[in-house]
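For reference, the structures are reproduced in the following blocks.
Okay, so chain A shows up in both of these, paired with chain B first and chain C after.
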Partner chain A sequence: MSKTMPAVDVVLIGGGWTGSVIGKELAASGKRVVVLERGQPRWTSPDFQAPGVRDELKYTRRHELHQNAATETYTFRNRVDEVALPMRRWQFAYPGNHLGGAGAHWSGAYYRWDPVEFKIRSHYTQRYGARIFEAGITAQDWPLTYDELEPYYDRFDHLVGASGFAGNLNGVIQPGGNPFEPWRSRPYPNPPMRVPHAPALFGEAAAKLGYHPYIQPSALSTRPYVNSEGLHMNECVYCGFCSNFGCEQFAKASPQVCILPVALKLPTFELRTGAHVLRVELDKNRKHARGVTYVDAAGVETFQPAEVVILCAFAINNTRLLLLSGIGRPYDPATGKGVVGRNYTHQTSSSVSLFFEESVNINPFMGAGAVAVTMDDFCTDNFDHGPHGFVGGGYIQIQVVSGAPIGNRPTPPGTPGWGSAWKKAAKRYYNHSIPITITGSALPVRGGYLSLDPTYKDAWGQPLLRITYDFPDNDIKLSAFLTEKGTQIGRAMRGVTLAQGNPRTKPYGVAAYQSSHINGGAAIGADPATSVVNRYGQCWDVPNVFVTGAALFPQNSCYNPTGTIGALAYWTADAIRREYVRAPGRLIAS
Partner chain B sequence: MKRVIVAVGAGLACALAALAQSPDFARKPPAWQVALAASKDLAAGKAIAASGKGAALACAGCHGANGTPADGAPFPRLAGLPVEYVAKELFDYRDGSRPNAIMAPIAKALTDADIASLAWYYASLDAPAAKAASAPQRAWQLARYGDNALAIPACVDCHGSVVSGGGPILPGLAQPAAYTTAQLSAFRTGERKNDGDGIMQAIAKRLSEADIKALADYYAER
Partner chain C sequence: MSNDGANRRRIFLKQVATAVGAAPLALSATGAAAAAAVAVPGTPQPQDSNPATPAWHFFNGNEARAAEATVARLIPADDAGPGAKEAGVAVFIDLQLAGAWGNGDQLYRQPPFLAGTPQQGYQLAFTPAEMFRLGFAKLDEAARSAQGTAFADLTPEQQDALLAQAEHGQLDFGVLPSGAFFAALLDATMEGFFADPIYGGNRAKIGWKLVGFPGVHASYANDIERHGVAWTRPPASIADAE
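== the complex of A and B ==
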């Protein structure tokens, strides 16, 4: 049983940030647009209202807003000579599902990437020599610069109601801000977040050691705000239910708060939920996409013809759609040839566990997903890498995300995992412990890649995406360095009785959460031999297919991805609206 | 446009340290919080409530003998409100950030210790029991679910249960209809603006007259 829908100009796969931004932009320019969201519609009211939304068991432990691992998951192995096994339950990352995607359940940490991130290979080679890159590292320059992307970062700032204090306005360092911040053309639309006790203690110690702590920028509105689409956002109330939850307050920037209410009023914009896309359909010579095939909410296989197809699914799920559709040559780690699936990375995260005297009350439940005092002294190339022999960096911070009672049970090393001794320690430390969080960059390696699994299939009978990956030594060295720096700060903090660093070690595993920032497989680049899409996100091999989001990252920055993903979405929308439409079906000239 | 800092050499790092004055991240407690910590004299609070003090009229005259006004009176109940909320509002009446012709002169006649005593006293009283409510559907929707099209979250998200409230400066909303109407209207016009960064002003501006009436009736019945 199958049916065919009336043809449209543009079909977008996924109703998260990039699908919503590009869909709205193109619909407003007069294109007939359909967004296909595989999940259910979810709105701030009524779906995310208290008390129902404040349910750690439902949203965090049982993954209410995450991809359903029982119907579609990833398989994983460290090396090509191993057999990959499926992840039955999410632990390493939380892929998004339902309207708003990961943009509904994210934390709201909001960064721009440093200019160096966009020219990583040439910058480090020039400053330190080519040998700073370990053999087998496939890091590569972006085909666009920070300066080109700045106006698009700026647009996204004003869509999400970003909060923060500018550290660098048009090249002029601003007292009190982050002196390492890339230049920005306008201040943040909203002031920085209020600082809880633990981050204040961190900031005090970091400043004493000569570092430059500042309040982390966030996409949680810090005051009543009317955004660039004319939509209202409320003030964050620091309820602590951001990460893995929808925001009850219309304060955390999300597609359903910031853009979809406007898009849905356009006669040219249509949203279909419960629409699970199986593949992009190509014509006979495989150079042109005809549309997409999806299974609709009633289970009927449906063909949606379209002139342009834009992949806006969660991160690496876009890579899987390319592989399932036969777009681009799959990467082969044995030969290094092929491109689709190449340059998979995650985030080199680590922590320092801190335990305090009983007089220091952390109140971990009084927080927000993105409220932190942080420092960029060891991010990107802000310090001399010469003596260390690795590429990249990371930020060090204390954030007060949530005191959720199931997940937040800190006990000092050596405490038994159960019984009365555990109970005693859990009670003693619940309000007197918090980690320093370290978020490090990640470099791609030749043996790390994404491919279709030969054995395991999803609920629709299609091969699962297989992750083959282990950390390069570079990132292990980076993590050891950053974690030692973090431990020194922890020891300098008032009231700390024990600071224990937990650096990332090999092998890479999928049984511990390491952020939901999983990237790559559809690298952006200037050379079709090492990239899947050109500088506008347009597929080299099928020019009427565009790819968005973190699948494009050739390597990962230490900075959280959403700011850059949003800026790139506006960048791609502009390229389609202004350039592609002049010669549809052709590659846009750079 | 080039970023000013391209590489951090030793000299530049020193310049940076001078430029970036290290911000003070520590939070200063508000004055009302200091006052509450300094004194807790329930008997003194009870005396002022019953008999007044100097230019401060007796609270009981309007707010009722037990902090619960007579049926139909336009004054808010004080019994069982969070101690922090009562103290903060009296400070705000006194410094004018919550303007009110009746309450301003009363608050001005009170010392920090008087305010703390009154706050502790009223917080110690039992709130009147909730009544069974039969409210219009619109008020119930706003109170429990908010309004997606207006970007208004549910009242209960912050204010919690109707009598005991949702936190230190988040009172329960069970109050006489005239009081609720007056407060939402004052937030809407900006006459009342002691709500931090304006969270209630922004919400009240998006409520219609009919919404305000519906909410006032709903919370009067609770």
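== the complex of A and C ==
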């Protein structure tokens, strides 16, 4: 059985940040918009209210707000000569599900990307010579600059109620802020987060060593705030149930807090939950999308005709939708030809375990997803890469995310995993240990890519997305360098009895969590031979299909993705509203 | 205050809602001893109750004895305080295995099941329920063949030795790698020791008290800048409905 819905102007696949932002913008401009969200509706009230939301087992261990691996997961192999196997349970990343997507369960770390990262190939080549790039690295410049994106970053800042202290206002460095911050046209709408004990100790040591620590910007409101949509946010109370949880407080920015209540009041905006999109439908010549086919909440296969289709699913799930729909030529790592699936990256994270004297109470439960003192001295090209022979960088910080003890029960190296010795160490160190975390950039490699799995299928009988990837040596060198710097800071911190660095090593694996920042497969670019979408996120091959989110990233920054994803969403919405509508179905001129 | 009555009523309603939320535990109480100790739906549940004889949902008698004996070694009662058995961790695991998670509702279970590289992660076909059922049976078999008695009847030293062998994958559990079973058991034990008490483990907040985790305390806005000050308030669980 199947049915066809009344035609609309725009259908958006996914009710997370990009679907909500673009959907609202286009609906407000008079377009008839439908957002198809595969998950359930989830609202701050009643779904995320305390005390029920403060449940580590439910939200973190049982993946309440994550994609259910039982119905849809990824397969993985390190190399093309291996058989990819499914991730049978979530260990490596937490793709979002339900209304708000990963934007409901994220941490709220809120960054802009550095101007250098938009011209990574040309910048590094110019400063260090082309050989700074290891053979097989497919990093490429973006087709737009930071300066072009700045007004859109600014808009997203005021949607999410970003908190922070500006380090660079219109090119003028501001004392007390991050001197490496890219220029911004306005200060953050809200002041920075309060600083817990461990980040303060980190900042003190980093400053002593000559670095430039600052308070991490966040999308957690630090005071009562009315955002750019007229919606109210409250002050974060540092309850420590943030990453993987919905925020009870209306403090953590999410689509349901910051934009959906306004969008849903527009007569032109419709949200359908429980709507699982199977594919984008193309016309006979495969140059034009007719709409999308989805399975509705009652299990009925449904066709939604639309003039424009916008892919707003979680990160690399957009790449899968392109492959399932036959949009763009799939990438072949043997020939280097084709584009869809190219330039997959993750993150190059590492840590330094710190153990303190018993007199130093860390209180790890007093925190929030994005409360940190951090430093950018080794981010992007803020330091001389010449002696080191790698591209990229990372930030070094202490953040106090969660003290919930199923996941957080540090013990020193060499401690048994169970028994009285474990128990004694768990008791001794719970309140006297916290890691320095290091978040490094990730470069794409020729052999790393996304494709449809030939064997394993999802609950709807469609092929799973297959990840083929191992780290380039570049990123392993970077991790060793950054982790050593972090270890030196750890050793300089007051009260630390042991600082042990844990650099990232090969091989890349999916059996442990690293981050949920999985990117690429639909690279944004100026050349259809090496990109899937143009500078507006518009598919080269099917111009009435747009792609959003981290699937567009040709490589990953050390900086968290959501700020850039939000800015790009506003950028794409403007391009559709102002340019595309003048000549629908055509590529927008650059 | 004139609205005291209304407040009390609100608190009472919250507690009722919480007790109903915990109904699977309450309804389980078939034995007279358990029924006496565990609340029935519709009344506030004494949250730190300690039923002498748990009513098992998933485990048979042998499995329950093995579960209690193993968790008692993984997190033993010692001079640092009560352990996993006292915290009701076997009850927690039993309830988890009886429910959706135990039946693999979050596991991708499409074949083929192939042995992968360590980087490819967990690849076994067992649901958690299937794994624990087989694992406890095999652990008892291993105990019998080594010492002639069920695992629960070994001395603590003998139990530790057998568990260490399982941890390192040195016991032959047939189709189930003993190391995988041990890892799942240890994971579930830590979950049961540290999860909110509404799930049947962490009884009397034994786990949280061991490490000093305050549970679901509402706000640290006034505390987060008081650096290094020890937190001394007793922990609160979801069922405390603060």
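Annotations
One rule holds for everything that comes next: the second predicted complex is superposed on the first by the 590 of 590 C-alpha atoms of A that agree within 3 Å, B and C clash if a C-alpha of one lies under 4 Å from a C-alpha of the other, contacts with A are read in each partner's own complex, and residues count from 1 in each chain.
Note that in this section a residue touches a chain if its C-beta (ideal position, glycine included) is under 8 Å from a C-beta of that chain, and two chains touch if they have at least 3 such contacts.
Being a predicted model, the structure only gives us computed values, none of them experimental.
When the two structures are aligned on the shared chain, A:E204 is found in touch with chain B, with no touch to chain C. In the superposition on chain A, contact of A:V237 is made with both chain B and chain C.
Applying the stated contact rule after C-alpha superposition, one finds that A:R62 touches chain C and leaves chain B untouched. After overlaying the two complexes on the shared chain, residue contacts for A:A50 are found with chain B and with chain C alike.
Touch criterion met: A:G171 reaches chain B, while chain C stays clear of it. Of the two partner chains placed around the shared chain by superposition, chain B and chain C are both touched by A:V195.
When both complexes are overlaid on chain A, the residue A:M366 reaches chain C alone and has no touch with chain B. Touch criterion not met for A:Q40: it reaches neither chain B nor chain C.
Of the residues of chain A, those at positions 50-51, 194-195, 197, 200, 235, 237, 239 touch chain B in one of the two structures and chain C in the other. The touching residues of chain A, counted against chain B in their complex, run 43-46, 49-51, 115, 127, 146-147, 150, 167-168, 170-173, 175-180, 182-183, 194-195, 197, 199-200, 203-204, 207, 210, 212-215, 222-224, 231-235, 237, 239, 248-250, 257, 261, 373, 381-384. Within the complex, the chain A residues that touch chain C are 50-52, 54-57, 61-63, 68-70, 73, 76-78, 82-83, 85-92, 194-197, 200, 235-241, 359-361, 363, 365-367, 371, 403-406, 409, 417-420, 422-424, 426-427, 430-431, 455-457, 507-511. Against chain A, the residues of chain B that register as touching in their complex are 1-5, 7-8, 16-17, 19-23, 25-27, 144-154, 156-158, 196-199, 201-203, 206.
The residues of chain C lying in touch with chain A in their complex are 21, 73-76, 78, 80-81, 83, 101, 104-110, 112, 114, 116-124, 160, 163, 167, 186, 189-191, 194-196, 198-199, 207-208, 210-221, 223-225, 227-231, 236-238, 240-242.
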